[in-house]
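Chains: A, B and C, in written order; residue numbering restarts at 1 for each.
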């Protein structure tokens, strides 16, 4: 069961990293969005993940200690929105300032690289476990 | 003689084998007892193999390699038992050929 | 631990496969949570080696005995891995270490499986006077 459990846990990791990439993409795509349907400029989004007990029914200590990962929520980054003085801008306030998204493209790219690397690591694990299962069949050869 | 094929056949032959085992040269290991032990072991291992396969099919908490090892162990035991059985049959035939 | 293993070598290799399997699932847990805040990297430890009998030079004994223990699962102790790096959010997963360990784990598993194949082939060969196996 161990190898199958490993696969399932890795699957949760792939999903989590995929979500991270999607959130980063959204942030990058809306880095200059000053008007959103909810009103106001786009706010940077950030996924929140938590470790999740995989299966507490397994009656062994190792099994109970394993963790998959799940998305808890996608929060809005509360840091102050940068203001720029652009009096002619359609979204300028009465003093001529425009509020821009609190998205730093450099930081987003770093996050994207991190998510990609983590995703690849989980892929490698899936591949390794699959090869282990295949080599187990060698016993019968 | 088709009594000699199959395990049940061997069971009928066993009383004779005690005599044969005593007389046949170089059979110090005692084929009869060895075969009997072999059959018991094959039976036990066969049950374990099947139980493991069922557990795997029911997606119970069993490792794949453990299942495969049990399957292989049962098979090795079976082949060993068949070999002992074949030797037994051969020894019996040899004795019969000696004239009785 | 089996008190009456079918064959000492088979048992030793079986335990090797079991341990590698446990290591793989711990690796999965760590890699899935490589970016989870507060997650501490896990490791698994096993009781010190196999019984000395398993390490005896393998003899081609009768390839089976009769009594066998019911529970064959390889068990270990789960603990926190030694910390080699720690992020601000409390996550201590060392990605490079995990990938390296994973490579070794997979290698051991594959090797043990292959050795098992050869061991069974040898047992059959011996039992059938060279007519089958190998």
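Please note the rule applied: a residue touches a chain if its C-beta (ideal position, glycine included) is under 8 Å from a C-beta of that chain, and two chains touch if they have at least 3 such contacts.
Since the model is a prediction, treat every value here as computed from it, not as a measurement.
Engineer: Counting C-beta pairs in contact, which chain pair has more, B-C or A-C?
Structural biologist: Between the chain pairs B-C and A-C, A-C carries more contacts.
Engineer: Which chain has its C-alpha centre closest to the mean of all protein C-alpha atoms shown?
Structural biologist: Chain C is the most central one.
Engineer: Round to the nearest whole Å and give the separation of the Cα centres of subunit A and subunit B.
Structural biologist: Centre separation, subunit A to subunit B: 59 Å.
Engineer: Just curious, how far off is subunit C from subunit A if you go by their C-alpha centres, in Å?
Structural biologist: Spacing between the chain centres: roughly 33 Å.
Engineer: Could you pull out the residues of subunit C that touch at least 2 other chains?
Structural biologist: 17-18, 21, 73, 113, 116, 120
Engineer: Check each residue of subunit B and list the ones that touch at least two other chains.
Structural biologist: Where subunit B meets two or more other chains at a single residue, that happens at 61, 63, 65, 69, 72.
Engineer: So which bits of subunit A are touching at least two other chains?
Structural biologist: Residues 2-3, 136, 139-140 of subunit A touch two or more partner chains.
Engineer: Considering only the defined contacts, which subunit B positions touch subunit A in the complex?
Structural biologist: Against subunit A, the touching part of subunit B is residues 60-65, 68-69, 71-72.
Engineer: How about subunit B: which of its residues touch subunit C in the complex?
Structural biologist: Interface residues on subunit B, with respect to subunit C: 37-38, 40-42, 44-45, 48, 61, 63, 65-66, 69, 72-73, 75-77, 79-80, 83.
Engineer: What residues on subunit C touch subunit A, complex-wise?
Structural biologist: 17-18, 20-22, 24-29, 31-39, 42, 44, 73, 75-78, 95, 98-99, 102-103, 105-106, 109-110, 113-114, 116-117, 120
Engineer: Inside the complex, what are the residues of subunit A that reach subunit C?
Structural biologist: 2-3, 5-7, 9-10, 12-13, 16-17, 20, 48-51, 54, 60-62, 65-69, 114-115, 117-118, 121-122, 124-125, 128-129, 131-132, 135-136, 138-141
Engineer: So in the complex, which bits of subunit C are touching subunit B?
Structural biologist: 6, 10, 14, 17-18, 21, 62-66, 68, 72-74, 113, 116, 120, 123-124, 127-129, 132-133
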